[in-house]
Amino acid sequence: MKLDAQVPGGPIDKKWQKHKFDLKLVNPANKRKYTVIMVGSGLAGAGGAASLAELGYRVKCFCYQDSPRRAHSIAAQGGINAAKNYRNDGDSVYRLFYDTVKGGDFRSREANVYRLAEISVSIIDQCVALGVPFAREYGGLLDNRSFGGAQVSRTFYARGQTGQQLLLGAYQALERQIGAGTVQMFPRHEMLDLIVADGRARGIVVRDMTTGEIETHLGDAVCLASGGYGNVFYLSTNAKGCNATAIWRAYKRGAGFANPCYTQIHPTCIPVTGEHQSKLTLMSESLRNDGRVWVPKKKEDLAKPASAIPEPDRDYYLERKYPSFGNLAARDVTSRAAKAVCDEGRGVGPGGRGVYLDFADAIKRLGENQIREKYGNLFEMYQRITDENPYRQPMRIYPAVHYTMGGLWVDYNLMSTIPGLFVLGEANFSDHGANRLGASALMQGLADGYFVIPATIGNYLAGLKPGAAVEIPEAKGVEDAVRQRTAKLLGIKGKRTPSSFHRELGHIMWDLCGMSRNRAGLELALQKIPALRAEFWRNLNVPGENAELNQSLEVAGRVADFLELGELTCRDALTRDESCGGHFREEYQTEDGEAKRDDAHFAHAAVWEYTGENSTPIRNTEPLEFENVHLATRSYK
Amino acid sequence: MTLTAQATPTAAPQAFLRSTIGRKIVMAVTGVILVGFVIAHMTGNLLVFLGPEAIRNYALWLRAVAHGAGLWIARAVLLASVLLHIWAAASLTLASRRARRVRYQEWQPRASTLYSRTMRWTGVLLLAYIVYHLLHMTFGIVHPDFVELQPYHNLVVGFRDRAVAVTYIVAMILLAFHLDHGIWSMVRTLGLSHPRYVPMVRKLSVAIAVIVALGYISIPVAVLAGVLR
Amino acid sequence: MNLTLHVWRQKNPAAAGGFVTYPVTEVSPDMSFLEMLDVVNEGLITRGEDPIAFDHDCREGICGTCGFMINGQAHGPKARTTTCQLHLRSFNDGDELTLEPWRARAFSVVKDLVVDRGAFDRIIAAGGFISAAIGAAPDGNAIPIRKENADLAMDAAACIGCGACVAACPNASAMLFTSAKLSHLAMLPQGQPERLERTLKMIRRMDAEGFGYCTNHEECEAVCPKGISVTFIARMNADYLRASVAEGRRVSAAGDSAGG
């Protein structure tokens, strides 16, 4: 597998400008002859589809929800970063670039990150122009806050609904094009395979989820903006429908899959209440600004209500372990610390998987009103879900899977290893290395969609004859394969439901490939997952038929792919013999339990190449060079 | 993107009347006229308490305004308003029926009021009342002893019949229902959204509804009680 | 706790539907309503029966995918709460619950409790946007916006497009949804140039989709999970009146240079 990152030459701050000039252009009059397929309508997909249509391309856009407005970008609460330096607090494109590379634990590609930081500025302008109602100050100017431990205030937000508002902006831009007839929208259509002909991505096969119709859509280029694969853990903060099917099928058709083991765990989620739990809800990280995290020192105290445990018997373990960052330590560090105390048997709440996040001191210091003003909606949400009043008793939180940094490998132009297949947003691996900073995913999604893909896709298309209308023989085969697979899922008629397999896979992944991993555990997972997969194909029960809305069939197809992706994730985690960012291998830690990178051997992206059913995939590498930000160790002491 | 692109010169008013909000505005504007009328009519009728002369003079004055044209203009406006009001109400009600062909097996109201939900019924009953009332007090066809231009006599004689008086009283209660929601709704329809005035208007519409109804009801009650004779 | 569900089952848009009763035993009050349905469905699948189809995605009250009538109330009995955020502790042991899909001509039933809300998307496509070409935007701080207006725009923009307003409205009117989107854009300076056209286009689309009209029942606000205020409807009415008058003026001048 050839991994040419196509990074332009020259100094880092000139690369994108120079590259844009060097890229080939498509004659405006010819653009409408090209059809681009966009899978996904999140920030990356809707933004990309709208921009491409505006440029004049014909676009077909697909999503599995009933409306493009419901993509999971909608759930982002916190905010979006941009190096505007409106606060005059020393922010700059370079600083955002620097923070992102460092935050990614030196496992991202410098040139991509710099471009992201550079574009961040235009994203805010574009969003404002599209009517995103960002929070403002009394003077009428945009408000900022600091987020996720950043030392500058560069996060723009719209109440606790930033993702929703950004997505609505992109969605409206998309609807405008739909109204104008330049984008054809296919909601409730799920991509089930990729069509590759003559080595190029030429189309997709989708299932119309209301009629079961299997359809082929051809185009001149295919863009995947299908989001992250966090649901491989079953429980995550992702939406129920989030899936890896689109990128997984692309992987099986030849696209390299990079760093699947880089998964991010978010420390402040509402704990699991029982086996029936279907998803986890994130509580904004901003809560850690005022809340103090603790568990009882003695297991005997677990039975007592929090208020009955006296101060000296509480273990404020973050403050103890990380005196200078305390409750604001990085996401992965905080998450692991919570797991550690729960593993010791000191976790609180049902199941012992939770720690307290206590606002008593903050309420004493600032008064209940001020706390209500700052966090009122979050407290309300917490109370709605748990029926506990966080003003009276501490919240219980526990880490949960939140984001996946890994994804399909792409070059500087966002093109995967299959020519003509572009990957945008969370679905690609590009900008966050081994760990993503808060408020940077929204930024990346919009950067890819609004600004990068419109520039780079032309370079690819300029060399091609428009061919969406040309029949390709390969399409039929792919379509048949999809039909057969669907029939197979429906035909097993075993005993177990699709979700039961998903839940079981989730347990394996979370226990053995979750917050911390070790060789023995991963090897065990690599035995358990194939066994589970075998049972799946033997004992699955999908009721109903294909020619109708069949939600069990949808779930079954997604779980089938997760069962394969889960294995690759474990394999990737097993072969990366170091700890970095969201990937923590217990064997590789410093004396005081910090992640220990191995730059000599692992300063690269691991890119997996599919080699066929029941054959071990090949691990290729793209070396990462750090010319601007020098390799250093993170410390939250 | 131009407005005129698809618009022929007459399209605008037609489109307005075709749209739901347009018809709704018609209903509100005619509502304003009708409310104005009921208030004025009530005030006029209350002259009955000042004796036969006062109310007769009022009736004569009405007929003399603008050399006699005034009354006819007012009647034309009223008639047009009622017709438009009914047309808008009927066509929109049909639109709503069409908008939900399959009804709910179970439906629980949370915020709507009895008055808001019965507007169509109170409206239809008011129409019936108006027809009856015109036959009764204006044309005298269903009046036992109708005398042209003797409103005092007509009223007192008319209301001596208990059943008639009760009919009027019931009708006036229905009117209050219709107005309680109607006035408030009409102001909304015409665009009032200011948070400061909205609660005021809410109270005002209840007040008008109650005052108007009480004002009217006082007349048949006074006749029954023997105050007017 | 135990519950009895009467669920609307309808195989496809063309099929006739009807209620089917399902007993639900020993569920935890800490479950969300949809998790309870998951449990019911797992049981149905295991028995080889067709599970109850219902729409959902984020399960945290923001995507607007979920929603059906529970005992005649859109999204169930709790104020400002989507179906996915509703927990069984809001009900009593032994309750009988009737689950029905949103009912409106503009929202046809796809299957069981799933309806087609594509009409909402088409209302947006008709004009619910600001035509700002990507890449052509001035600096975000170039136009200061009064905080109150920005906040009010945000209040309106919080609509999640769930359709509960239509479902609860006795007239099956989509006024709350449409007015929320219109108001969001009308409150912002960026939204001014297209304000009147947008108002006309979206309302015409809304009518064409077959929604009913508004008689100010305010049921919509009461069930709206985001508490969108009915005052936005009044605001929209006023804009519609203004836009109609302006359109009339433009039309009467159509003979000369108007239309550019």
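For the reader, a short list of remarks on this structure follows.
Order of writing sets the labels: A, B and C. Residues in every chain begin at 1.
Everything below uses one rule, namely that contacts are C-beta pairs under 8 Å (C-beta built on N, C-alpha and C of every residue); 3 or more make two chains touch, one makes a residue touch a chain.
Computed from a predicted structure; not experimentally measured.
Chain C has the Cα centre that lies closest to the mean of all protein Cα atoms in view. With centres defined by CA atoms alone, the chain at the far end from chain B is A. Centre to centre, using the average C-alpha position, chain B and chain C are separated by 34 Å. Between chain A and chain B, the centres computed from C-alpha atoms are 61 Å apart.
Chain A and chain C have CA centres that are 27 Å apart. Looking at chain C, residues 131 sit in touch with two or more other chains. Across the assembly, chain B contributes no residue that touches 2 or more other chains.
The part of chain B that touches chain C in the complex is made up of residues 1-5, 7-9, 11-13, 15-16, 18-25, 92, 95-96, 98-112, 116-117, 119, 181, 184-185, 188-193, 195, 198.
The residues of chain C lying in touch with chain B in their complex are 8, 19, 69, 71-73, 98, 100, 103-106, 131, 168, 170-173, 194, 197, 200, 203-204, 206-207, 210-219, 221-223, 230-241, 244, 247-248, 250-252, 254, 258-260.
On the chain C side of its complex with chain A, the touching residues are 11-12, 27-28, 30-32, 34-36, 38-39, 41-42, 44-46, 48-51, 53, 55-65, 81, 85, 87, 89, 110-111, 114, 116-118, 120-121, 124-141, 144-147, 150-151, 153-154, 157-158, 160-161, 184-185, 187-188, 190-191. Across the complex, chain C is touched by residues 47, 50-51, 54, 65-70, 72, 74-75, 84, 86, 122, 124-131, 133-142, 158-159, 161, 164-165, 168, 171-173, 175-176, 178-179, 185, 187, 210, 239-241, 273-274, 276-279, 281-282, 381, 384-385, 387, 450-451, 454, 493, 495-500, 541-544, 548-549, 551-552 of chain A.
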